[in-house]
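Each in structure tokens, the structures are laid out below.
In what follows, subunit A forms one complex with subunit B and a second complex with subunit C.
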Partner chain A sequence: MNLVFKKKKISALLAIVPANERTFEEDMAKFNFTTARSLKLKKVMGYDRHRVVNDSVCVSDLACFGLQFLFDRGHLERDDFDALVMITQSPDYFMPPTSNVIQGRMNLKRDMLCLDINQGCAGFLIGLMQGFLLLDQPSIKKVVLINADVLSRKVSIRDRNSYPLIGDAASIAILERSDDPSEIPANLKMDGSRCEALMIPAGGFRLPSSGVTSIMEDDGENNFRAKDNLRMDGTGVFNFVQVEVPPMIADLLRIAKVSIEDIDYFIFHQPNKFMLQKLADKMKIAYDKMPSNIVELYGNSSGVTIPLAMAHNLSEYLIKQKMTICFAGFGVGLTWASMLLKVGPLTYCEIINYP
Partner chain B sequence: MNPINELLEKVRPEMNFMESEDFVEGGFLDSFDIFTLVAEIDKKYLISIDGEDIIPENFKNIKTISDLLRKYGVNV
Partner chain C sequence: MPNFLNKLAEILEVDEVKREDVLEEFENWDSLTVLSIVATLDANYGLNLTSGDLKKVKTVGELADKISSHI
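Up next is the complex of A and B:
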């Protein structure tokens, strides 16, 4: 599905990462693999360290910490936004929505929309699309888009497929109308027939958590996880990305009538370095135009890897100038989405530690 | 030694690949070992195996790996 937005922008961006950091070497001790084999994996996949929350921390904690930071520094007024869109797959509760929890904790005004969206790796882009649609309403002048996940709490520490790459983080993007008349092309596809490629099987209404769902099982490759844990079909997801993402980007650039050379940066979701470098090779994009350092420095925090990659790699440029960025997100759902957006100058663009 | 065997030994030195006719089904290569093997192949032959070709079927045995390399102009 091709989409077009007009006169919308990201005006500011904040990323929040847990101060708590784990190294791959610490994780290795929990895996049932030889040290040499794990170290090879580290090199190829780009694993090094990752930020994970302590067990009691929820996404609303990261989000409220970030909002308070913005209020305290005068970057955002408490009653100056009309919609709070929350993208997460690790909500505080089944009910109420986490966006309402945040509204209440931060004493925000009642005359606003609070909206939760359950999306993961493409969540930042789905959130941008939703936020831009809301800004077509005359009464909505500013949208706060929060993307946050604490999925490390759902990953088995004995699962070498998932634990060394998982990261927790949040981002707060401020979305507003823009005077720039140029079109913002985007596209979006979903395939629910492959929804089991990335899932947490237990804990919902289909299979409630119980003693049975917490039993650790060997997946046949020496990874141990329970049905309460996140499960990823590594090969299936890798192949999905390599097959679906390059034509999606080619379509986006064709519709926008631009070439790879016209794009300043390709900011893609970052599951691991190997996957991104294979995408770059296939699309003939120079590695330095497609940063792939977020997994090794922070871990894979689902959709938040996109704003985090912007804040980590581009903040010094984005607060001064406008850049043409091609965004892409792909993963759970399965969902894949992209957008070509001019970003900057932003009023701020930072990463802060929680707490 | 066949260069493919050399690369396989680099990835899993503790395994005797001669004992298996299907490295994937036999538990000799898991999905992450395949990624490691591809990285070794890319480095040795200065190629980049297309991500679409990184599927278990292409890494079942020496013959399927040889066939894959031939596609990239590498004869082993």
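Up next is the complex of A and C:
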């Protein structure tokens, strides 16, 4: 469906990544493949290193660390926002919502909305859409959109299909009303019939975690993972992205009456460099307009890769000037969404390490 | 189809492939190879085969025929 928003903006952005870094070479030792094949995988997919949390770190830890940083630096006041929207697939608990956990830990005011949304690779886009809708309420002047995942904790270290690319991260985007009267076009599609392409089969109510769900199984291709672990149909996801994303972006640009040349940057979810460059080829977008370096530097942290790609590649511009950015997210659900948004100048745009 | 056979040999890191060669018997036949083939077919022929489609074919010849039938 096509959506349109008006007079909304991202006013500031902070990304939080774990200081703990792993290299592909360290990961290789756990895979059941020859060194030559692993190095081939590294080269083709563009893997190098990734940031993962130490085992006990939760999304609220990353989020609270980031919020405290913003409060300490005077970038955000504790009582100055009216909604906290938390996008995550790795909540601290099934109940209560992680947004409430954060509200309590940070002593936030009671006169506010805390809302968790279970969304993955397109989560930043869904979060923007939800945040912009909330800002239509006169009482809601500022929304804090937190996107965070620590899915490395659910990926088997012996699964070459998913482990070398997984990353953990959080982002905090401040959303506010804007004076710019131009329309913000967006679009969104979902296909639950393919929901098993990316999933963690066990640990919910359908298949609770047990001794059985923790047993490591060969996926038939020398990757070992349990039902408690994240699994991904890599080829299926590749096809989904190559088939669905180019027409989605073409539609968005057509509705906005702009061409590829009018867009300063295409900031897309970062599954891996290989998939992004194939997308860029197909859509005839120059590689330097579509950054694809997040997985090799930080790993794929689901929806957080979009704000991370923005902060890593564009922060020096975004704190000074306005840029026209085409955002796209695609993955878990399956969900695919895009938005054309003018971003900047931001009051701050940084990446910090979680110790 | 000679272009595809050359490309397949390149992906499998062998000098050449013959129609009767069995895909699974190549030393480098794995999920990375399957993804590379899927990506090549998408980029060069606009074809979107799934890994399930590829599992159904046994030999290089059957794969080439399957691609021809989709083009």
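Here is the rule we go by: the second predicted complex is superposed on the first by the 355 of 355 C-alpha atoms of A that agree within 3 Å, B and C clash if a C-alpha of one lies under 4 Å from a C-alpha of the other, contacts with A are read in each partner's own complex, and residues count from 1 in each chain.
Please note the rule applied: a contact is a pair of C-beta atoms (placed from the backbone, for glycine too) under 8 Å apart; a residue touches a chain by one contact, two chains touch by 3 or more.
If you're wondering where the values come from, they're calculated on a predicted model, not measured in any experiment.
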Please work out whether A:235 is in contact with subunit B alone, subunit C alone, both, or neither, and reply first, second, both or neither.
-> both
Examine A:279 and indicate which partner it touches, taking first as subunit B and second as subunit C; both and neither are also allowed.
-> first
Is A:221 in contact with subunit B, with subunit C, with both, or with neither (first, second, both, neither)?
-> both
Answer with first, second, both or neither: which of subunit B and subunit C does A:69 touch in the superposed model?
-> neither
When the two structures are overlaid on chain A, which partner does A:41 contact: first (subunit B), second (subunit C), both, or neither?
-> both
Of the partners subunit B and subunit C, which touch A:348 in the superposed model: first, second, both, neither?
-> neither
Can you list the residues of subunit A that meet both subunit B and subunit C?
-> 37, 40-41, 44-45, 161, 221, 234-235, 238-239, 242-243, 274, 278, 281-282
Mind pulling up the subunit C residues that touch subunit A in the complex?
-> 28, 30-32, 34-36, 38-39, 42-43, 48-51
State the interface residues of subunit B toward subunit A in the complex, per the touch definition above.
-> 11-14, 27, 30-36, 39, 48, 50-52, 54-56
Residues of subunit A touching subunit C in the complex = 33, 37, 40-41, 44-45, 161, 221-223, 233-236, 238-239, 242-243, 274, 278, 281-282
Which subunit A residues qualify as touching subunit B in the complex?
-> 34, 36-37, 40-41, 43-45, 160-161, 220-221, 234-235, 238-239, 241-243, 274-275, 278-279, 281-282
